[in-house]
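Two complexes, one shared chain (subunit A), two partners (subunit B, subunit C).
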Partner chain A sequence: MWDAIVVGGGLAGWTAGIRAAQRGKKVLIVTEGVGTLYYFSGIFDYGDLESLRHLPKHPYSLFDAEAIDRGKHFIQELCPEYIETNKSQHALTVLGTARQGDLMPRSMVLPNHQEQGSFVLLVPEGLKDFFPEIVVSNLVREFPGWQVNVKRVHAENFGEWQRMGKSASGIDYAAIWRSKEGQNLLAQEIEAIKREHQGAGSRSGKIAVVLPSLVSEYFDASRTKTYVQDYSLPVIEMSSFLPSPHGRYFAEYLKHQFTDLGGELMIGARAAALNGKPMSAKQPKSCQEIIVQSMGKVLHLKAKKFILATGGLLGGGIKVGIERKLIQEDVFDLPLYVPQEWSTSQFFASQPFAQIGVETDKCLRPLDTNQGRVIWDNVHVVGRMLAHWDPWTQRCGGGVSVTSGCAAAEII
Partner chain B sequence: MCEIETQVVVIGGGATGVGILRDLSMRGIPALLLEQGDLAHGTSSRFHGLLHSGARYAVKDAKAAQECIEENKIVKHIAAHCIEDTFGWFVYLKGDDPGYLQLWLQGCDQAGIPVKEVPLEEAFRLEPLLSRQTARVFEVPDATVDGFKLLWANVKSAEKYGGSYRTYCKVKSLWLENKDIKGVYAEDLITGEMIQVRSKIVVNAAGPWSAEIAAMSGFDVHMLKNKGSLLVFNQRMFNRVINRLRTPGDGDIFVPHETVTILGTTSQMVDLPDDNQVREQDVSYLLEMGKDLAEGIEQHRVLRAFAGIRPLYESEDASEHEGRGVSRNFALIDHEKRDGVHGLVSIVGGKLTTYRLMAEKVTDWAAARLNVTTACRTAEEPLHHELPADVWNKARQLLGAAAADKMMERLNEEAASVIAVIEKQPELGQFICECEMVTQAEVLHALQDPAVHSLDDLRRKTRLGMGTCQGTYCTYRSTPMLKDAFGSWERTLKEYRILISERWRGITPVLWGDQLRESELARALYLNVLDFKAVESEE
Partner chain C sequence: MDVRNELTARLDACQKCNVCTAQCPVAKVNPHFPGPKGLGPDMERFRRGQFIPGETTLDDCSNCKTCEVTCPSGVKITEMILEARRAARKGPHKTMLSLKLRLRGYVLGRAEYLGKLGVLWPGMANQALKLNLVRWALDKGLAVSQKGPLPAYGRPLEVIEDKGGRAGGAFRKQVIYFPGCYTRYNEGDTGRIMIKVLEHIGYKTIVPNFHCCGLPLEANGQFDKARKNGLYNLELMRPYLEAGVPVITSCTSCGLTLKEDYPKLPAPGAQMIGAQTYDLFEFLWQLHEKRELPLDFQEVKACFGYHLPCHLKAQGIGTPALRILRLIPGVKIRNLDAGCCGLSGSYGFKAEKYDKAMKIGNPLFEAVNVGVERGDFQEMLTECGVCKVQIQHGTSIPTKHPLRILAKAYKIILE
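And then the complex of A and B:
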């Protein structure tokens, strides 16, 4: 018997699992796969908290300001490199445009637009889905007072591969940058840039090296070394493209955090159903166990509380059948809020279908959509499974997931 | 105003128009084709891609059936690279009308369409998804045809013989003097320039727009615009064309194309020649009909829905005036006989399978007026050229067999130069579009074509954005090339938005299951990772 079983291993599920384990609870995470963290840009977006919290049914309306802060602190304790300042801070997209972001690694934060200096874009040779010329022209536009230069860096690990015309992904490169050789290579390149810069007799203006995707070790799952910035020039990381190195290493880091705290993990397992019975006719029901299929076996897993973090439409927790005749929450068969209108004609607009999800009370317990009564007393819904929000147009994907994951863990 | 002189102006860059341009050019008649959009943007690319054997018309329209089987043989010969010779099955289900079956067999026999019965057990083995309600299966020489490739091949061939064409060039009025055609006035929609084309003959081959063209000078070409909606499944569910053996109706044909399958087609009268938005009820209807022929259709992912407008000609003596009742036969309207105007001809109706025959008839008509006696050679001279073995080998070595073959089919003679580029710079062999296996070098090559004015034009030329991701990744991957080709960052973003919105139009009617998931992924990529600004919904 666990104190809690978390179904789903995405951002909200990991957050709930780790936070509960930190609070000394006995927790199991059951997850089918890797979740959608592989699409993580590396930045936690919170969105316009004030206006979103006042939208009648937005998930933020379930939380007070302290709950939102607790979530932020949770991330910052886990990853001290993640910072938030009073002013809005910006990071580079993979296209070299500046994008606003709430919690981001110190190494991603862009300097002030008003300052002057020079950027050196370090381009790993043959990096897939990366366009240096585009980045340069966007940087020049975003930072009129800055000079932009390009330097190519060749990692011999990919030499033969690249001579055949093949590319290497950001994940491949991130693995190189995390190795001893990779770090030495970067350190040498950066030192060379520094010397060149000094040699050219340029004024002592600010200089920063810009590198695509993850280069620093703030998601060091082994925790054998403390993270230090040991390059001779400041390095600015760009946010990740897909598949995301930030997401990959962050997921790995979360996994270690969780298991180090004594959390138990079941990967490749699919929660398929539950057993539970009503406490009394008018009381909410209580779930006793979930039925999980794993490696061809069927397991009955018991817990006091259950946290549903199966990731909504994209994560696979909400299945929409042909012609939308059957729309289902897969594990507990919870009632879903389904918008009347389904989509709008403009792709880049807010889409009604994004609002699909489970309506809950302030304790994140699922509600009956007709009468607004709590259905399960000990089931809590988090992250993208919640109804009435759109992470992409409201820019609050990380915020809602972290806040709800933390809040659910506090109740366990 | 720009002034051009030629012998024949062809209005319309669909299959018929380019077929006419090629035939005229091969007979040495100077001709210019004017198209208001991109080539193949209308009906010629908005159909199921079936090369008819004629069996579908065997009962109702003996003439059409006969034309089809004859042209089927010719097109398979002259355009082998645009055809996949899949064969087609006519499937007779338990409870279907035995009387129709007999009529159909007789009709095929009379039209000269070879029919072979396939034993049921073998049929289920060869096509495992075939409905278990199937009672009998008959094989006919149906095939699948790539409308884009066929069009481009015709244009390339026409250009070689001296023909020319202009896209995004909209005819504004016919130039008439004393009941003599003198040419047309057109507007270049890209530059805004007016163009005066002087010619002896004007051919109206504008498909669903033919009535509008004729009406410019007050002539009545009474045509029905019939919308046909289709669904694209992201798998090759069948290896053959699967028809229902009954009076041709809605939702009764599956046509496999490369890695997808198209299910068609509905039939609905519309007023506008470009009313091609698919309604959700069309989708439901198609799926309902498709269930009769395919097992477990609801398990399959629908990529998108699209629609085209059939330009059906309503002849004066047609007894029925709705949808499928009208003959699919084409008609050549000589406006001299009808309206007393010299030099104007409209070619209406027909279908893609008979595009070449229609072109031949028009060209015969034009040649007679211009006193040209050269005979038609389009039924004999192939549209494609066999490439030397070393080009094939090199391509396969550099790209792998699957990607190389696809590219060679798309590019034919132009493939050699693209391969040479990849050999010199292997990194240009990387795929921009992994679904359709389109390389950077091929995209760069296509962008050099002066007729490519937008990302959407590029899509039609390369199939970029037509695969499973529906433009999500390949649009992003073509960024640097687009910026080089189109000049500015704002323009590049605009092209992104146009293409993705165009794809979205086809996805919204089928927004469920894995396609919905894929759309969420696309939204995450564009609105979050790439930080595109969300727009306010207009609804």
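And then the complex of A and C:
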């Protein structure tokens, strides 16, 4: 019997699992696949906390300011490289435009627009879906006072790839930059840039090297040899794009943190239903076990608490039948809030379908949408599965997932 | 039918997110390999238009199933690849090269016959396999890598017939053991220890004269033979399955085959085999949950690293060995979870794949070495025989089946 079973291994599920394991609980995470972390830019978006917290029914309205801070501290404790400042901070997207972000790695934070200096964009040869010309033109536009130069880097590891005319992904390159050879290569390139600039007596003193996804934040010293290179110039890393190196390494890092705390991961298994009964006629039901489909057989897994972190429409937690006739939550068959209008015609406007999800009380327990009664006493819903928010227009995806994951773990 | 299953069965479920290819260990080291998305859902569209890629490209997939457990959309990627390999077998690519590779496929796929030969003269076979000349000849003649860690042969595991009469009759508590070729011919000891452990917890073990489960045959393109083996084995199990007797596996690849492939065979036992097959530790855990597992453990003061074999991960049952071993006082285990070992059955034995296999295994080797250097553990545990051979080959750190720790705790073996 576990203290808690978390269904879904995305950002919200991992957060809940690790936090609960840190609190000494015995936790099992059951997940079918890896979730949307593999799309993660490397930046936690929290959005405009003050106004969102006052939006009726928004997940943030379920938490007080301390709960939100606890989530942020949780991330910063796991990854001390993550910082937050009072001023708004910006990072570069893969297209070279500046994007606001709330909790981001030190290495991503852009210098002040008002300053002057020069950027040297390091372009790894054959990096897939990376367009240096566009990056340069955007950088020039965003930073009028800055000079922008380009330098190509050739990593011999991908020589065979390049000779075939095949591109290497950001994840492949991140693996190189995390290795000893990769870091030595970078150090040499950066030293060469520094010497060139000193030789040319460049216009201003400040030089920064810009590189797509370096991913130096998530190092697991218990499984990889760590090499800490000091580069002779500051390096600014761009945020990640699909499939995301930051997401990939962060997911691995979370997995190792979780299992090292004694947590167990059951991947490749799909939760299909739950069994439970009402404690009395008036009270909410109590869940005893979930039914999980493993290869060839059905497992009955028992726990005291259950955390639903199945990620809504994109994560696979909500299924939609043909022509939207049927829409339902897939594990516990919980009632869903479904807006009247599914989508608006303006593509960039807030999409009502984004608001689909489970309504809960302050303890994140699922509510019956009509009467507002708690349905399950020991089931807590977290992350994208919650109703009444929109990660796209409100830019608070990471914030809601981390805050709710942490909060649920505190009540296990 | 479940709406979602209906969707996933169709290739439309693929969102083209490329996450599977980003995680595929082979795509990482081999630029010629199109990767799971390329070979599975993408090619599926071509195949419907009767375009069949060359057999050798398809053969680059080691069938580790990492892509499948990764996919956020539950796409049955390896099923598509396997289907494609079946189609390619019948395809028009019959060059000299592929003739040699087919011969090798024949030899490597016959783990069972090799095993029988090997154990007839274990000493001689082991000596022969150590001879550079023999390895050179295997490399040149059959493209079996000279450097690959071919496992040694030992005293084979004996068949134990059912003397109790009708299945499920005389003994209330009995199990069928499916040892698999590796345990049977290369590591009979593990099988014998397992039978003693089962006896200690009150179960009588029957070991019918099974053939190879079929997975190595399939991996080496021998689809008809694999199917025949499956049907033969299922027929042997049928009376026991009908009597509700559980089938236990200690090899994770055999276990996966019994759970994933056998239910698809057109035979009477097929509906039962999936639900009645248990990985050894999965079986012990469900006994423990019913409070039927004896806990008369002696203390075993030791720290271990653990490698989760890909084919156990793909069973979707978590890590039951860790759950059980953590019940033993003194035992400390760290699950390294550092990816595929690279060997994948007979994959890493193939000459053109040896270097790639070693590269694939690198993160795991590094994790093992770092753990030992930090003093976290001195030995490795893993259920899969070939993972074990590969970890020892890549790191020189002693590696065992976790069963041995349990047997020690039960005072069945000393070391």
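What we mean here is this: the second predicted complex is superposed on the first by the 396 of 412 C-alpha atoms of A that agree within 3 Å, B and C clash if a C-alpha of one lies under 4 Å from a C-alpha of the other, contacts with A are read in each partner's own complex, and residues count from 1 in each chain.
Criterion: contacts are C-beta pairs under 8 Å (C-beta built on N, C-alpha and C of every residue); 3 or more make two chains touch, one makes a residue touch a chain.
Not measured: the values here are computed from a predicted model.
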Overlay on subunit A: subunit C relative to subunit B, clash or fit: fit
Subunit B versus subunit C as contact partner of A:32, first or second or both or neither: second
Following superposition on chain A: angle at subunit A, subunit B versus subunit C, Cα, nearest 10°: 90
Partner chain(s) touched by A:296 [first = subunit B, second = subunit C, both, neither]: second
First (subunit B), second (subunit C), both or neither touched by A:67: neither
Touched partner set for A:166, first subunit B, second subunit C, both or neither: both
Contacts of A:270 with subunit B and subunit C, given as first, second, both or neither: second
Partner chain in contact with A:243 - subunit B first, subunit C second, else both or neither: second
Touching partner for A:260 - first (subunit B), second (subunit C), both, neither: second
Partner chain in contact with A:316 - subunit B first, subunit C second, else both or neither: both
Touching partner for A:95 - first (subunit B), second (subunit C), both, neither: first
Minimum C-alpha spacing, chains overlaid - subunit B and subunit C, in Å: 5
Those residues of subunit A which subunit B touches in one complex and subunit C touches in the other: 36, 39, 164, 166, 242, 316, 319-322
In the complex with subunit A, residue positions of subunit B that touch it: 283-284, 287, 298, 302, 422, 425-430, 476-477, 479-480, 483, 489, 497, 500-501, 503-505, 508, 511-513, 516-517, 520-539
Partner subunit B, residues of subunit A touching it in the complex: 36, 39, 41, 45, 93-95, 97, 99, 126, 128-129, 131, 133-134, 137-138, 141, 162-167, 239-242, 313-314, 316, 319-324, 341-351, 353-354, 391-393, 395, 397
Residue ranges of subunit C touching subunit A (in the complex, touch as defined): 3-4, 17-19, 21-23, 28, 31-32, 68-74, 256, 258-260, 263, 273-275, 277, 289, 313-319, 322-323, 334-338, 363, 366-367, 370-371, 374, 376
Touching residues (chain side subunit A, partner subunit C) in the complex: 1, 28, 32-36, 38-39, 158, 160-161, 164, 166, 169, 171-172, 175, 221-225, 242-243, 248, 255-256, 259-260, 264-270, 292-299, 302, 315-316, 319-322, 326, 330
